[in-house]
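Written below as structure tokens is the structure these notes are about.
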């Protein structure tokens, strides 16, 4: 029964992926890709990775999807047939591509299945020594304890993506999701929905942040939820794109990284090494770092979606 | 099999049937409005049945409450998105512009 | 071995990073001097790391106090120390140069500084990290800082080049990550040297190595995966071009060597070695021939990068030949250092030409104004090293490679080395001859549009001189390189 | 076939589809989609590896995937921004074939 | 302390030239006086140091500086007699040529660049002379190529650039061969200092792998043969004639071709040893090529109407006498070859100075336009005549001495055909030099020469250098028997260094 479900799920994944690649309409591909993200989240939930499922659904499908859709809109030619689009691949080219990908599948599948799971692994050691990390969730322990440098670097990646997007920024009126259709008022449901969703989203984010220490959740998921709220507020016009990054925004963008680095470097004095935490303080410090990280994840993602250097509230 | 289990299974089956109906509607109905209609009506009900069915199997009231929350949120989301979609289609067709009440 | 006192290892990553954050926080006005202070601090950290390696052998630093495989290890052996030092020299020059180059360009400067400083941090991380997954994150950081720098000009050509670069670099990263996933699946560790001990030479390891290598070769623009490099490196602003060619692309080559010598030595059969060496040789020849065909200065230099990146790969077929291994290893490592310094000098000098004249068409360089003579001299001096002629570091590196190939009886690689040098002379003198040419009858074409700040004139010259300093004797650097070198190459 | 094995194979196939998409389609958005497919394939492989042994879930691949997801979304967001600007500047939604 | 500094003289002499280059570059174009001072100071100081070293070597002192460049490889400067033969020539002629160049380039552009590279060029030549092992030789040999290129293309017009390209293709190709050969030599036997009579390790290696040893010797000789303008690699030399006259002097007399010929001597005598080279059947080929070059150069020279081109082909021919002397073997032939290294330098530098004077003062490049120039410029023409007669081998001038030794040396080795070559060369030399002399002195001017600017027939800086070198040509011949004459020095080198020949 379980395996049958997995089989269905895997088949669905592959079917969707094929559609994403092969479908004629680009819009269809984008939407199917988002659906694929959701199925992927399901698959990961099946594989005992609920944290990842959460993150994938929120970031991989949700935010990526929003970005893709807004880019899709931006790449639509103003008038039809202005751009003939890329020439189709010749038949032999498609065949060669198929052969190459087929070879990759074969080699990869063969290699991956042929690998024996090693008796000892970093993961086992992580589980065995989880107690020393100061948190109870293995994933959080690895992310903020054993391999904290990856997490730090990864938030820097996000910041850098934002900085990079600034380099290639478009004019403000074209940026992000673009202007809403002219001559229409706000849908009636928007305001009540926001009144409900925004506070709830904040609560959920806070809950995820707090729960990360011992169960699925953590800075990433919390950040993703916050970013989703940001996207919502930007789409509904509550947040307006701004041409400059305000000092407060700058501080929020780098604050998490600075905090993380500072605590990490202080570890050389207060604990055994850089990125080590003094034993008694491990949990609170990790929580503080996670809070900073959630902001450092949410804000650049929102700004990336907004396509602007900053955001300003618009009072109604 | 206890009564609760029987009921739960029945509800899950019913939920699945609603989902199936909704999906068939989505695929077969001719107009977007009709599809929207099939999807929202059938799926909301289907999800409710599934949630209720699962709640009957839940170990604690806490879990049951969470399931109820899930259903509630899904309802809100479905409502909002159906509304927005409908509005969008209406505008595309050059339909009448409604001012909010 | 693990001396935990070596705080300078993590500092080499953290200092530029924190400087970048501060530069972003305080804006473009404050960035140049902040960058200067940060650069000096980083150089001090690197100097300390190098000193420790030279005095006490390889240094390991376990981040968070967690020993591998649990935690991430920063590991500085001679090779890494050499790369750190070269990077520090180039980065110092780039920082000094960019301060003048970007002066008065508010927006560009605002964007350049944080990106560049993060890039430096990530490069140091790449050279130091002994963890395969951490390397992935560092590589992505390098890529995502590099592409915006390419796109900075914002015109059609640079955006297209940046787009192509980004797509290929992302694919490369994923190929690498796919390989790393397989390696972890097989060994349960991500630590470079542990993978080397545990992975063995089985089929799955070979697939993993192939994926990892393909990704890195793409990042290093090795033939036939080179097409993205020249447009990208030639459309970036000069300080960024220097960093991209001297550091970013070379980090890819560095990792290829690092992985094959430390993680997959068991797989390095003669066939594999010859295959990889053949790709390197093809890069040398193809890149050189392309460089000969360019009509603008920066593309010539960029294609020369393609060519120069190929040389270090010649180590791989030679590493398994006992008579050749040691010399080839020294040659390859010294090559990276020499190329880094010389190429940075060349790009900065080309930047001066561009800055002054507003273009870099070779045909328009006839009769260059005397104001540019220091830059042309720097270009020429740097090029001598790229050609591999004495008395430069490039010559010593080439000599070692050549001697290694000949001592190992593998003369085809020797032919490639000699031929590559001749071709480099060909495209180099094509440029220098134009610069030497008398002004055409209508008066000098190369009349400067604006004056060159002295800092911009001096920086490439200093870089070029460094190449000569290293050409006087390679012995100290090679002694450093010997720290922690693999047994077979020691 | 075990559950992990099944997903391992699915991941391999997904990677192949992603690579095919990269090779066969030229539209920038499609290429970015294909890169994301490839990324998803890698993540799926890691998650499947983590689940290979009964009664034990390896947290290290999970951490890698979580990090990878954030890196992927960052890269995608930047790539989309670049693609948009490229389109705005050139009117092209694909890269012209190799020049030179 | 003093003694240590004394031992470091080779390094000091090298650094003087490099420092002169750096100072000249840094001074820029504008500061003419300072540049002139530093140029002359550098050249003079270096000549003094070289002479001190020469004296020291006569006293039996050794000068050696070595530092490790790579593991197991050293950069070694060592002053033996052979080294000083070349070093004295280059240092002496550098001074003379500098004086000449300062006058010659008066008022032209880019002089900082010119004199900077000029100094570097001499530094490289000095390094070649004092190189104590093949690696060091290679380094300075390549450096010489780099330093001369900007001089060749100095004028920057298309013809100069084309000549520069030809020059580079030849010399860099040769450099590549030398690089490959040297690296192969090191890979086979490791590093050894130059050993008169050949390195023992090379002999052992050649006994085991004669084919490889022959191939490497071929590469090495091929590499230096380019600069020595040995047929068929001589193409660059006539092309490089477009350079200013002092550069031509430098290329033909002081530095480049001499570096090539000197390399032949080192490789044949001090790396392989003449006996081994003969055993590997390389010397017969070498002497045959040298003979062909002698005749070929002379024949081509006959057909030239441009004075400098004729002189260039004459160089092709004359320089090969050095190679011939080495290749033929035997002490006397080698003495002839080594003496010719100096003699040819003195004679050819004189000729080029004079050619430059005609071009500068009279504006004439063509031979047929020089009718009667002897009366307008008697001193220059006298110097030209002395040098030309020396080239033909007229006794008692320098050229005669070296050819004489070559001839009797070849006869001693049983290679009588060499005498035939010498005779042919002399006849051909006469055939292309005597008409010039006839035009200079015997024919009357076909047009009015530009008036004299002052009392002298031309700028004094242009006049004195050729007079000085012409006097040296005369003295080197007349006083050949003196112990410190070029011939005497060559005899010392051969008697003490190569007793086994």
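In this document, chain identifiers A, B, C, D and E correspond to the written order of the chains, with residue numbering beginning at 1 in each.
Definition applied: a contact is a pair of C-beta atoms (placed from the backbone, for glycine too) under 8 Å apart; a residue touches a chain by one contact, two chains touch by 3 or more.
These numbers come from a predicted model, not from an experiment.
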Intersection of the contact lists for chain B and chain D: A
Target chain E, source chain D, minimum contact steps: 2
Which of A-D and C-E has more C-beta contact pairs: A-D
Closest chain to global C-alpha mean, per-chain Cα centroids: C
CA centroid of chain B to CA centroid of chain E, Å: 98
Euclidean distance of C-alpha centroids - chain A vs chain D, Å: 13
Between chain C and chain A, distance of the C-alpha-averaged centres to the nearest whole Å: 31
Distance between chain centroids, defined by C-alpha means - chain A, chain B (Å): 27
Junction residues of chain A, two or more chains touched: 108, 112, 117, 121-124, 126, 147, 150, 154, 157, 160-161, 164, 168
Per-residue overlap in chain B, given as positions that touch at least 2 other chains: none
Set of all touching chain pairs, with the criterion as stated earlier: A-B, A-C, A-D, C-D, C-E
Partner chain C, residues of chain D touching it in the complex: 15, 22, 28, 31-32, 35, 38-39, 41-42, 45-46, 49, 52, 60-61, 64, 67-68, 71, 74-75, 78-79, 82-83, 85-86, 89-90, 95-96, 98, 100
Of chain C, residues touching chain D in the complex: 133, 137, 140, 143-144, 147-148, 151, 154-156, 159-160, 162-164, 166-167, 170-171, 174, 177-178, 181-182, 184-185, 190, 227, 290
Chain C contact footprint on chain E (complex, rising order): 25, 28-29, 67-71, 73, 113, 138-140, 142-143, 145-146, 149-150, 153, 155-158, 161, 164-165, 168, 172-173, 175-176, 179-180, 183-184, 186-187
Residue numbers on chain C that touch chain E, as the complex places them: 330, 367, 370, 373, 377, 384, 389-391, 395-396, 399-400, 402-403, 406-407, 414, 418-419, 421-422, 425, 429, 433, 436-438, 472-475, 478
Residues of chain C defined as touching chain A within the complex: 4, 7, 10, 14, 17-18, 21, 24-25, 61-66, 68-72, 111, 114-115, 118, 122, 125, 131, 133-134, 137-138, 140-141, 144-145, 147-149, 151-152, 154, 159, 162, 178, 182, 184-190, 198, 202-204, 206-208, 210
